[in-house]
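Before any comments, here is the structure.
All chains are identified by letter, namely A, B, C and D, in their written order; residue positions are counted from 1 within each chain.
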Amino acid sequence: MTSLQALSADILKEVITPRPVQSYKGTFGRCVLIGGNNQFGGAIIMATMAAVYAGTGLVTAATDPINITALRTRLPEAMVIDYQDFNQLATLLSSADSIVVGPGLGETETSLKILKFVFNQVHANQCLIIDGSAITLVANHHLTLPKAQIIFTPHEMEWQRLSGIAIADQTEVNNQAAQAKLGAMVMVKKHHTKIYTNQDVYQLTIGTPAQATGGMGDTLAGIVGAFTAQFRTDYQKSALAAVYAHSAIAEELAANQYVVLPTQISAQLPQFMHQISQPDERPIGFI
Amino acid sequence: MTSLQALSADILKEVITPRPVQSYKGTFGRCVLIGGNNQFGGAIIMATMAAVYAGTGLVTAATDPINITALRTRLPEAMVIDYQDFNQLATLLSSADSIVVGPGLGETETSLKILKFVFNQVHANQCLIIDGSAITLVANHHLTLPKAQIIFTPHEMEWQRLSGIAIADQTEVNNQAAQAKLGAMVMVKKHHTKIYTNQDVYQLTIGTPAQATGGMGDTLAGIVGAFTAQFRTDYQKSALAAVYAHSAIAEELAANQYVVLPTQISAQLPQFMHQISQPDERPIGFI
Amino acid sequence: MTSLQALSADILKEVITPRPVQSYKGTFGRCVLIGGNNQFGGAIIMATMAAVYAGTGLVTAATDPINITALRTRLPEAMVIDYQDFNQLATLLSSADSIVVGPGLGETETSLKILKFVFNQVHANQCLIIDGSAITLVANHHLTLPKAQIIFTPHEMEWQRLSGIAIADQTEVNNQAAQAKLGAMVMVKKHHTKIYTNQDVYQLTIGTPAQATGGMGDTLAGIVGAFTAQFRTDYQKSALAAVYAHSAIAEELAANQYVVLPTQISAQLPQFMHQISQPDERPIGFI
Amino acid sequence: MTSLQALSADILKEVITPRPVQSYKGTFGRCVLIGGNNQFGGAIIMATMAAVYAGTGLVTAATDPINITALRTRLPEAMVIDYQDFNQLATLLSSADSIVVGPGLGETETSLKILKFVFNQVHANQCLIIDGSAITLVANHHLTLPKAQIIFTPHEMEWQRLSGIAIADQTEVNNQAAQAKLGAMVMVKKHHTKIYTNQDVYQLTIGTPAQATGGMGDTLAGIVGAFTAQFRTDYQKSALAAVYAHSAIAEELAANQYVVLPTQISAQLPQFMHQISQPDERPIGFI
């Protein structure tokens, strides 16, 4: 059993390296995000915004058509398709580096049908982030996971549904056993989020209560999608860097704000990632 | 009969305290806002924006479907439902900490049907803010108020309709009598707004004519909704802090603006609330 | 025959005075703007934005329903109705202080029907700004003007259509004769716009080629609507201040911009008007 | 065979000159942009934004109706028509100075029909920028080019399709031969883009990997459309200045950003062009 490690800012510089000069947009990955029903359309907008501002080469959202205009108005950089157009979705998925499924997806039969289709299309070398309602669907319908680089991003209640472990019993030992059985990376989101990789357990020691507002999880899922699409050497390290960056930016903004909105975190990503990628060393904790 | 008290900046620090470190989005309350018809859709957008930027944990707007795209474009952080989908509305209302009904609701039969449904669903421990057209509907249709922590936010003409007291006769004595009969907190909005609580009468001594523009009331209703959802110890104090914060931010912006737009006040809320929540004492009047 | 006067910055301080402390949104006027068809919907958005940011108490746009979502997304502060809903339009018009008709209205039969309805509803004490396609409709269909405080805002080609004076013949003498016959204030927009009031001829001596871009006229019409609704002592002076303010802000922005977008001018209005309204005298030309 | 020339910052000052004081919006050209289907609607928004912010006098987008609201919300300055309304499109095209066809146009039968219509309407003295999917359509359907000032903006794969030269064989000699056969200016977009004019070959020596993200090409096409509409003396020089300006702004932004979003480049155009147009010489490389 591995002991708990505090996740440090070192993970940022390890993952967010200077961009190669000889490159084109394909170099920085393709991310497809699937979600956003009638009620929860904002979730897919926030996840997609995070994916765009975190520097993914090409981003496409697959969503309910009701969300197309809002998404396109805020994010002309992203392409959009109807998430029930399975021909287009299959084409998109085949060339994706990472796939985020779940933000605002809902838990209806349509949601389930879409999730199953995604599971059916995913390849082993793609990173699949299962977030929000998709986690609940997996739990409630006992879905078999596809072969892929899978990352779950549950909050404690979703983790209870998925693992069967009641919140009070979510100890490291129990969670590690459940993680091993799942065979997937798991981020249990809470105050001082814990991340269970295939090898280790990490704890996030940064973060702020100013982050505790609707949409934060969707934004995190989008950053994880962007980092795993863009920094492909080690998807688990990329995901660790994503969760660290998300809270580091939130802390920075919380120096002047009582609440930090998810879209404000995304807006800071280009500057934040630039600072990290600079070769001149700065003392850890500069953020 | 209580004598009039000037509302002071002290109310801000009393209510807007530092956030508990151990928290999640549920800690900061759920606010549901109901309104926005075809003509007045901007009202529900402005009220919802205020609720999001004032730090509510989870915000949902229930509105006419014509407003969904505009609301979602500006505020992906908020969830949205059709205000005539009473199944969804009932589910939402059951878990709300505060409910704001009225911004841009209109005065049609549909508006009345929705308002009655809301009154029927509200619980005694929820805070219910009755604003704008909902006040006129209550007055015109002699609706019985539900058992809840009720706050009315009328301007003088709406207060005349609700209380039956002509504007010229809206003295403290008459208003207090009407307030006592209603059994609800009442903010009579005007130059130097007066607030009638169940115990006391307060007068707002700050504010600026730059605030006198369409949408200010909707924004105030949203802040009241956010504060009563988030700071639950005493809903009357939370509402007093909301009305003070609204005008304090307006005054600050009016130092450089001939007119202050309602959305600009909301945009300042995270910074303003941060300053208030800081432990280092600053002289009163720093704003 | 009056001789030409250069319009000076003095008009700003004469019109844009500090707001009365005892006031409410009605104090600052009601402006209704009518226009925006399928192709030219941006025009009504820009005019409405100008009216809101220039401090009008209450602003409503009447437009083609296709423009509702875009308008509401950018300007939740404005109310919106379908410009073919003549019941609602009549109600709105009856309480308006100023009416702007024409931005993006088009020249179809529908446009004409709407314009005629507006002419039929206008009262003698309202200010009516006739802009863009509405000018061409008046000219082409020989419409009789209603009794009102009328301001035309044609560019030279529109003025040719309205007055019958070819651009090459648009001398002060000819234009004054045409203005007298119309019995309306006329702003002939061009490099160094000339304004023909019922008494005098003014020339704008400020302005910048950075202003020469689509939408500038719509924005000017919105500012004229806002100033005549808000500063009601003398509608001709208010209109002169509006045209001066529009170009003064453009000049200021052009110090750093090759092109000045119309929406950028509107965004500056609250700050610009604040500076003007301040009692401490600054040297003329500070802008 | 001409030897390769490095494109220098001098091209900016040669093209972006101070605006004539006596001018009106027609002075600065008319640009029509055609593209944006259901999936790729963001492309036409980004191209149109570039055309507006680069100072074109009048800008119209012809697109799928699904994109109208998003485009109008972001860009009220632009007019919009349905790209399948061939009557309106013909009217628009007849008075255009430059035409950009392709951003997000797609490769369906509808796309092809629209492209053929555009080719049929173009005049010899108009500048026609063929971008994105329009390049692929020309290649796949062996379309005959109209007589016009044509500029192709392919990336290497699109250039392979159009010229028949495999990416590995895209040498200067081969490309120049293909360019001569086409009789059109060609920008082959890649790290250090090469531009083949009718006389010379230029290489862009600036640029940053932060630019490698979806939508960059659409934005470049919009700037080329704006510059060729606005600076009409020599369309090839105007296009060279456009490609230089695009990467110069990207470099400037990349000093603080890990990724530069296309819309951020457009937002900087008014300031950037102002600096260039100033008479006071600054050392080359100040950007």
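Keep in mind that, in the parts below, contacts are C-beta pairs under 8 Å (C-beta built on N, C-alpha and C of every residue); 3 or more make two chains touch, one makes a residue touch a chain.
For each chain, UniProt lists the protein as follows: A, B, C, D = ADP-dependent (S)-NAD(P)H-hydrate dehydratase.
Everything numeric here is computed off the predicted structure, so don't read it as measured data.
Asker: Rotation angle, chain A onto chain B: superpose the C-alpha atoms of these two copies and give the value as a multiple of 5 degrees.
Answerer: 90
Asker: Examine where the copies chain A and chain D touch and state whether the two sides share over half of their residue numbers (same) or under half (different).
Answerer: Here the answer is different, because the shared fraction of interface numbers falls below one half.
Asker: If you average the Cα atoms of chain B and of chain C to get two centres, how far apart are those centres in Å?
Answerer: 35
Asker: Let me have the rounded angstrom distance from the C-alpha centre of chain A over to the C-alpha centre of chain C, please.
Answerer: The computed centroid separation for chain A versus chain C comes out at 49 Å.
Asker: Any chance you could list the residues of chain A touching two or more other chains?
Answerer: 69, 73
Asker: Could you list, by residue number, the parts of chain C that touch chain B in their complex?
Answerer: 16, 19-25, 27-28, 52-59, 68-69, 72-73, 75-81, 88, 269-274, 276-277
Asker: Using the touch rule from the top, collect the residues of chain B that touch chain C in their complex.
Answerer: Touching chain C: residues 38-43, 45-46, 49, 66-67, 69-70, 73-74, 155, 190-191, 209-210, 212-216, 254, 256-263 of chain B.
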